[in-house]
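Naming follows writing order (A, B, C and D), and every chain is counted from residue 1.
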């Protein structure tokens, strides 16, 4: 049994990332799939910060199915997101693919993401936890809830209590959606663990039109937040263009869930 | 292509069941998995009507995995639900398992349900449609959205336009939930068709505790309604006891989604 | 528990169909997906009989996903297959979709098939069993082995012990094959039940090139037979053209598994 | 498209591991899930070599779902398997979990395994390929065939052409088997790529009784080999005891597929 991860009663863990408290209210994490260039990041960071996003996501090291796809800007991407993150006072979340990338990330970002493909890369999970930074651990596409919680246990055992779990869609049989968004699984997770649970409807569905309703659904159901892909010009995105919304759509989404720039979410950012 | 079922533009179909208009607002259908006896049905019908449920569900012919499980009261069950349905002015929804059951149902209920196991029993789907009654068509556990829409097309081709689709969970790999609730699929359905789409979180999850948050999620996401299992004493239910809520929990659920006895949902019932 | 279907020891059931003993050796069932016309059926029946097939399959009532697809010749199809079946002394297997079709089938065929979509149409399963004919019960695309065995139990409870189970692929996530062929499940079935278990690699994979190797695999693994789609001219087939082999390929397949016209399989047919 | 991995015609790749040629005949890889101690390894290596196994597998670094399960002997495990491998002239296959483990493995084993959980750990895949050793790449439990081939492409792009693919079961919905053994997928793989394709029925099914029939099936279907878990005393195995066979069962299996110590498989080992 995952002794550290399992829920013992009513008590829940709040994970703090640069003043943002995940586990209190509904936390919005937003940003592009991949960090592409300075203008893109400056535009998106400014827009998201003013729209009330709590955290800025962006991929520097991209785990792409095909070796011929854009693999991300690497270390330079980390520097780009770090710069806009500081300028706009919005902490950054960046995925690590290997242990070697951790030192640079630890200096520059607020939270380290372990992606779905790496959920059971326990060497990486433990090393990321040892940086002391909060960890965003995404559920693998074939992982049971127990397997996800055992993966979290690998991080917790390193003495780092700051782990946030993320449902991002599991493998399904109908290609109408890219993956199968397991909202009930995310809710069940909250019964099994004291850790915060958020969702990623962008990767879960691969469809721009479904992001806002699924974020609204997740907030209404009582989950702790959502991570959505936002790109200044989704059509020009270098990866996953189908599943990103633009800044105007993001603002509408924030209004739909009652989270504008002056609302609780913004407050949660400590502004 | 499912020419009759597919969405052609902004226009959507509203299906009327005894004054209840499914497709306008959020419609709550509730009742026990199986009709057991008169007291149970009187208690639940009175409670649900006063709590603002729009339609009363109840199984008379039960498609049970095991031949040794309770198979329902059969024709007598139809008479029982018909009596309380009239007494409390709440239209009944009952599942048909075979063509022979249709005439009795057509005389006594407001809507005929085609269950998940029968979704591709096209002989039954077409015969049910020919009764003229509205049809509640549940998605099979391995059915793609296209397959569900083609099944609806079999009904629509009989000249009956009143078909409501219901997502009730597809087969998943993690037994933490009975099935895998495909909320994103239900939302995608509404993009593909003009027919109303509702959800059944009781069968989808098999967990009482997840029903209310998933109904809230479905309402927030913009779906057309939900069907939930309600039993006066869930622990004494003769089938699917794990997934039914009691009348007090149902009232709390109605309040959570802003649908009390005097709200829009009640209005939608034509009272 | 499925008391009648479960295995009690070493004893296994042999199901006899017009002299063919399913459960002894490896039984080949072959024929077109749909019965199309007299010439097609005469050609295929003569070819299959001379190549050593034990049983002739052919669909008269076709459960097609789309109502706009060819739905089979109906009663006339039954008469066509019955004629060639008698002429070439090869018993016929035909699927029933509804109770009304059973009397005609009972008079004309050797075995009634319950298709994957109808596995849990227990009204139909029981009625088919009451005809006294052997039943070929196909596993539904989302059915567990237990669910399949409980469905068989519905037939066995009618006093008909002659039930053959068929694995035909379950729903998978990779469209490289039409379904996911669960060979291990078929083998596990034989540990759970005394009933014969065969496979249908045509529907399982939807790929002509995979039929022969999967039949060879199933024979080597110790299963009881296979059902394959054979069409005189697959390219002109009115349904499922991708998954049928022609008569020459069928003869090669029979040779590959060591079952020619003069072999044990032919003997099993009682010639 | 995976340009290097895709099949261009009839030509297939034969991967040589210490004199064993994978891709010619049917290659048996066998050994315990985890390396436990010297006696275990000496017993199993001697038994397997004399029974005609071509390669010896054994886990030194174990990727266990739970951090509280036995994690393997680590570097000492590599030394143990290397010693018995040399003594009995049977090349060893050991899984790598991280880049740091590669130098020691490169000096001591004949082939590096990339496990199912690491299939899309492209940093590791590429680094393993750069050692120059042959790579055994296992399919992830939610991976499509295309995704597996793209992962292989990451290895091939490093200039190492010696990649063997392994189907080890994908995630299924019926816990009668641990995973869902996708034999048809393995066969389809061979149509898509020129690389050898083997199977792992131990992990695929988690059931000792199904290993031999599935190996026989895979050989009959034309695949290139199998990897099976063999333990001197399965009941005392420190991991995955349910899915290991003992040495006597292994010898019977070799006889069943026509591969004894003096047969083609042994010859393939270059003895």
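In the analysis below, a residue touches a chain if its C-beta (ideal position, glycine included) is under 8 Å from a C-beta of that chain, and two chains touch if they have at least 3 such contacts.
Because the structure is a prediction, the values reported are computed rather than measured.
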Chain pair equivalent in interface to A-B, over half of contacts matched, among A-D, A-C or C-D: C-D
Pair exhibiting more inter-chain C-beta contacts, B-D or C-D: C-D
Chain B and chain D: spacing of chain centres that average the CA atoms, whole Å: 49
Rounded Å distance, chain C centre to chain D centre (Cα mean): 35
For chain D, residues contacting two or more additional chains: 142, 146, 170-173
Touching residues (chain side chain C, partner chain D) in the complex: 142, 144-146, 170, 172-174, 176-177, 180-185, 187-188, 191-192, 201, 204-205, 207, 209-210, 213-214, 216-222
Complex contacts: residues of chain B adjacent to chain C: 2, 63, 65-67, 97-99, 117-118, 120-124, 140-142, 146-147, 150, 153-154, 157, 170-171
In the complex with chain B, residue positions of chain D that touch it: 171-173, 175
